[in-house]
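Here is the structure we will look at.
In this document, chain identifiers A, B and C correspond to the written order of the chains, with residue numbering beginning at 1 in each.
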Amino acid sequence: IKDEADEKKKKSSYKLGGRVHLDNWNFIDSDAGINELETGDPTDDPENRWDFRRIRLELAGDVPNNMLFRIQIDFNNPAQAEMKDVYLGFNNLPNNQTLLIGNQKRPIGLDHLNSSRHNVFAERPLAVETFNEDARRLGACMYGYSADEMFHWRYGAFLLENLNTDGRYRGDFNEAGVYGRLSSSPWYDKTSGGRGYLHLAMSGSVNQTDGNGTLDADDNANEARFRTRPLARSDSRWYNTNRILGANNYEQLGLESILNIGALQITGEYFNNWVQRDPLGGFSGEDLHFHGGYIYASYFLTGEHIPYDRVTGTIDRVKPFENFFLVDRCTGGTGSGWGALAMALRYDYIDLSDSDIRGGQGHAWTAGLNWYWTAYSKLQTNLVWGEVNNGGQGLSSTPLATGVDGDYTILGMRYMIDF
Amino acid sequence: IKDEADEKKKKSSYKLGGRVHLDNWNFIDSDAGINELETGDPTDDPENRWDFRRIRLELAGDVPNNMLFRIQIDFNNPAQAEMKDVYLGFNNLPNNQTLLIGNQKRPIGLDHLNSSRHNVFAERPLAVETFNEDARRLGACMYGYSADEMFHWRYGAFLLENLNTDGRYRGDFNEAGVYGRLSSSPWYDKTSGGRGYLHLAMSGSVNQTDGNGTLDADDNANEARFRTRPLARSDSRWYNTNRILGANNYEQLGLESILNIGALQITGEYFNNWVQRDPLGGFSGEDLHFHGGYIYASYFLTGEHIPYDRVTGTIDRVKPFENFFLVDRCTGGTGSGWGALAMALRYDYIDLSDSDIRGGQGHAWTAGLNWYWTAYSKLQTNLVWGEVNNGGQGLSSTPLATGVDGDYTILGMRYMIDF
Amino acid sequence: IKDEADEKKKKSSYKLGGRVHLDNWNFIDSDAGINELETGDPTDDPENRWDFRRIRLELAGDVPNNMLFRIQIDFNNPAQAEMKDVYLGFNNLPNNQTLLIGNQKRPIGLDHLNSSRHNVFAERPLAVETFNEDARRLGACMYGYSADEMFHWRYGAFLLENLNTDGRYRGDFNEAGVYGRLSSSPWYDKTSGGRGYLHLAMSGSVNQTDGNGTLDADDNANEARFRTRPLARSDSRWYNTNRILGANNYEQLGLESILNIGALQITGEYFNNWVQRDPLGGFSGEDLHFHGGYIYASYFLTGEHIPYDRVTGTIDRVKPFENFFLVDRCTGGTGSGWGALAMALRYDYIDLSDSDIRGGQGHAWTAGLNWYWTAYSKLQTNLVWGEVNNGGQGLSSTPLATGVDGDYTILGMRYMIDF
C-alpha cells in the first residue's frame, strides 16, 4: 500500500473543466447622451446583441510533489482567444498557504473573486469592475487560511497592464502594485450545513503608474484608468476616466460584507480610490478621489441557499433541491422537476467625476431572476435601469468643458453551463 | 449499488476528441475566367497549396442530470481559431428528444449533417455548401427520433449571421430563420448489420434578411448571399451571388435520398432556394430562384459498406475489414494489412444566375479514391473537372453587364485522422 | 483476457499535456548599434519585458491499430495562437520505425530536437536557431533506431515556409528540402543508470528556394533567410541575413557531440550553411558560406545528471534527488527540501556576414543557473554577454554600405512547469 501511495505521489494529476455562457442583451431604452457614450454619435443607439460571453477550457492539476498549475483559455471570441488563469505554484506551504506565480485575480474586493459561474447577477457591480478591471494580472500571490477556517488572506504584487490577450508586458517603467485582502467568517452555522453565515473583509492596494504614459520613450501606457460597462455587455465603457495623464500613484481601500440567513442573502461592498498626479497635457495636477459601492438582496423562492467557502472567502456553487428535467417515465406519463428559482435586487453607485476628470457618476438598479436547472447550469435574467452624469471623459484625452448625461434601460439573459 | 449509481449520477462526465485533416490542392488547369474569379486578375492563376483543413479539439459531456454540453474549437488557422459546435442542452426529453442551445448545424440537407470525418468526398457538394454555407449558426434546435428508429426529426430557429470566428452577433435587425428536417429509413436491413438501407428525407427553411443591409444605421449586413468554392479549397468562392441588396426573405426546400446495397451507395440531393426582394442599389426587385443538386455512387473494392445512423439520419464511420499496417513479425518476416479501398464518382449542378444576379451556373464531376488505413484514418484523393457560366457577381456589388465563364481541373489529397 | 485485450486494442487512447514558461528579460546594457538593430533607432534601447514564452496544451495518442496523432497548440500570445506538433503517423513499422506526416521538427542539429522542457539554457544557441529557425515545418519524416539502441536516425522532406501561425502554404513554387540525421551513443553506461554516455551525430539538408521571391506572380517569398535573436527574447533578430534575393539553393551540415560524466556534461555543435545564388536586386551572385557553433559545460552542484534518450538521440528530463518543498510537519516544525542546482556556461559563435551580405558576426557567453524544484518545474537564470559585428542586413532589403556593430548584456529568468 505504501508502494502504491508512493507511486501515486510520483504522477501528475489533472482536471479538465470548462464553461459556456451565452448572452442576449437588449438595449431597450437609451437617450442621446448614452448613444454618444456608446457609439460617439448621439443619434446612433446601442445595437442589440447575442454574445458568447465565455467559452472557456481549463486544464489544472498537481505536479509531484507540492506544486500545481492551471491553464485557462477563453474562446468567447474564437479568433482572438484570451488567457484567464495561467499560473504555476507551490502548495502545502506552512500555515495552509499556497503561492501562485502567473496570471491570476488581484486580491481586492469580493465580487471579482467569486467565480462567474456562481455570481448572483450576470455582470459585476460598477464599482467592482471599475476598480479591479478584468481582475487578472501577472503577479505573485500568497493564499492562506487559519486552521479553524475563521480567517482567509491573500497578498501579492502585480503588474498593472492587462496581458490577457497578448501574454506580454513590454516597457522599461514598472507599473505595479501590492495588493492584500483579509476576510473572516465570524459566524458560520455548521449545524445547518452553512445556511447561516456572516462574512466581513477588507482589502487594499498601493500602485505606481507611469505618469507621462507614452509621451516618453518607454512603451508603457498610463495604467491609471478606471472604467466599466453599464452592468451589461455594451461596446464601450460608459463610465470611464480614460488614462489620467500625469497620474503617478493610486491607492485603493475596499470593504465587504455578506449576511446569509437561509434562502436570503444581503451583500454589500464599498471602494475608495485615491489618485495622486502632476499637471500634464492640459489636466490640473489636483489629487483625485473616486469611489463607489453596491448592495444586493437575493432570495430563493424554492428555499435553497448560496453556500460559502471559508477557505477562499467567496461564495460557492448553489445546489438545487430538485433539478430541472422532463422525461418519459418507464411506467408511462411524463416526469418533471422544475429546478430552483431565486430573485435578487441590486443597487449600484459609482462616482468617477472629480476635479477636471469627468469619468461619470451615477446609480443603477438591477433586478435579477435566476432559474437554476442543475447545480451546473442556469438561466439568468437581468433588467437594468441606470444613469450617467457628468461623464464622457472616455471619448477624449483632453479635459472636457461639459460632461455627458444619459439614462438607460437594458434587458439581458444568460444561458450558462459549466463542468 | 444504489449509492454507487447515485454517486455516478452526481458527477459530470466528459469525452475528449479531435481531428487533423491535412490537404494538398493542385490547380492543374484554369482559364482566364477562373483566374479572374480567384484572384481578380485573368492572368494570375490559382496558387497550389497545402492547408491544414481541420485541427479540431473537442470537449463534450454530460452534466448531472439530463443536461449536456459541447465545445469544439478548430485551429486549422491557429492564429485565427474558429468555433464549431458550442452548445448546452437538455436530453432525455419526452419522445427521445434533445434540445440544444448554441452554435450548431442548421437542419437542412444531408451532406452538411454528415461529419467531415465520414463524408465520401473531401469537399461538400456545390448545392449543399451554397445553400447552407458553413452549416453552423447560433440557434435553438430540437432533435428526436421515433421509438422504432424509423423517423428522425430536427427543427429549430437560427440567426443567419455566421459567428464562427468572432462569437458575437451585433445588430438591431433580427436576421433569422426557422429550419426543419424529417428523415426516414423505410428499409434498413438489420440482419446484415445495416449493409442495406434506404434513406429518404426532406427539409426546408424560411428566412428573414435585412434588405437594406449596412445602408441604414444598424450593424446587420444582408445575409441573403449564396456562394461556394469549386469543390476544393480555393481562396475565393467562384460561385457567388454576393450580398443581394434589397432581398427581404428567402425560403429553401431540400430533398435527399440514399440507397445502400452492400458495398455500393447511391446518394442524391436537390435544393430549391427562392428569394423575394425590393429594387435597391441598381438591382431590379424581381424575385429569384436558385437551385442545384448532386448525385454520387460510391463502391468499396474491398467489400465494406458505409454504415447509417438511423437516430440522426446521417452516414456513420466506415470500419475496414483489415487495417493498414506493416510490422515486423515476432517469428521473423514482415506482416502487413492493406486497409480498405473505395471509388466514387459525383456529378454536381448549381444555378446561381437568375434575373440580374450573375452568381454563376455550372456543373462539375468529381472522381474520388478513398484509402481507409483504419476506422479513424484515411487518405482521400479527389479529381475535379468543372465549369462556371455567367458568374462573377462575387467580384462586384453592382449589377454586371456580362458574366464571367471558365473551366477548371483540380487535384486534391487529404490526409485524415480523428480520435 | 484475450477478449479484454482485443477490446482494448479497438479503443483510441490519449494523453493530455502542457507547459507554462514565464520569462522576465532585462536588457541591462546596450549601445547605439544594438538599439538600432532592435528598434531601428540608435537612441531607443530595448524594452525590458515579461513574456509568457509558452502556454502549451497538447493532446496526443494512439488510434487502433498502429497509428498515432498529436495536436499541440501554444497560447503564449493568446489572441494569436500557434501550432507546434500537429501530425498523424504510422508506428510499429519494420526496423523500429515511425512515419509522421504533418508539422514537426526538421532533423537537423541537436539543441532544437531537445524539448524546451529539458534544455540547459533558456534560449537555444545562435547557430541552432539560425540554421533551423523555429524547427518545425510541414513534412513527412521517418524515425527509427537499431535494436541495440546504438543508432537513431531520422530523415524526411519538408516545405521551408513556416506555417505555425496560419496553417497554410500558398504558392506555385515548391520551396522544400530533404533532411537527415544519424546519431549514435557508442558509450552508454547502463550500470549507473545512464550517468555516463557519449553522443555523436551528424545531420544535413539540401534545400531549394524561390530565387526571385515575390518579384514574380507566385506567392512564395524567398526562404533563404538565416536569423536569430541574441539568446534572449528581443523584439527583433539582431543576427539576420534577411531574405537573400537571388538565392536558389542552400545546403547544411551539422556535427554534434555530448560527453556526460555524472554531474558534468560537455556539449557542442557546429553548423555549416552554403548558399548558391544568382545576381538580383543589387546583390552580387557570389555563393555564400555561413557557419557557427557552440560549446557548453553544465554541472550539478547537487549531484544529479542529465539523462539521455538513446531512442531519439536527445537529452531527457532531469530528476532531482530531493524536491523543493516547505511544509508543516504533523509532529510540529517545518519540513523542507531544496531541489537540485546546476551551473552552466556556454560559448556561442555565429558568422552570417559573407560577400555583400552583412547578416552579423559575433560571439556570446551565457552563464546559467538552474534551480530544479521538481522533475517537472524549475527556475532558469541566464546572464548573456555578446556582440554583433558587421550586421544590420535585417534592417534593409538592399546591400548595405557599412555594417552595424554593438555589444549587449542581458539578464533573464524563466519560471517553468510542465505536465
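Please note the rule applied: a contact is a pair of C-beta atoms (placed from the backbone, for glycine too) under 8 Å apart; a residue touches a chain by one contact, two chains touch by 3 or more.
Quantities reported herein were computed from a predicted structural model and do not represent experimental measurements.
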item	value
Angle (degrees, nearest 5) of the CA superposition of chain A onto chain B	120
Equivalent interface positions on chain B and chain C, same or different at half	different
Centroid distance [mean C-alpha coordinates] between chain C and chain B, Å	39
Multi-chain contact residues (two or more partners), chain C	16, 80-81
Chain C - residues contacting chain B, complex	12, 14, 16, 59, 61, 63-67, 69, 71, 73, 80-83, 86-88, 90, 92-95, 101-103, 138, 159, 163-172, 217-219
Touching residues on chain B, where the partner in the complex is chain C	16, 18, 20, 22, 43-45, 47-52, 55, 57, 75-81, 235, 323-328, 334, 373-377, 415-417, 419
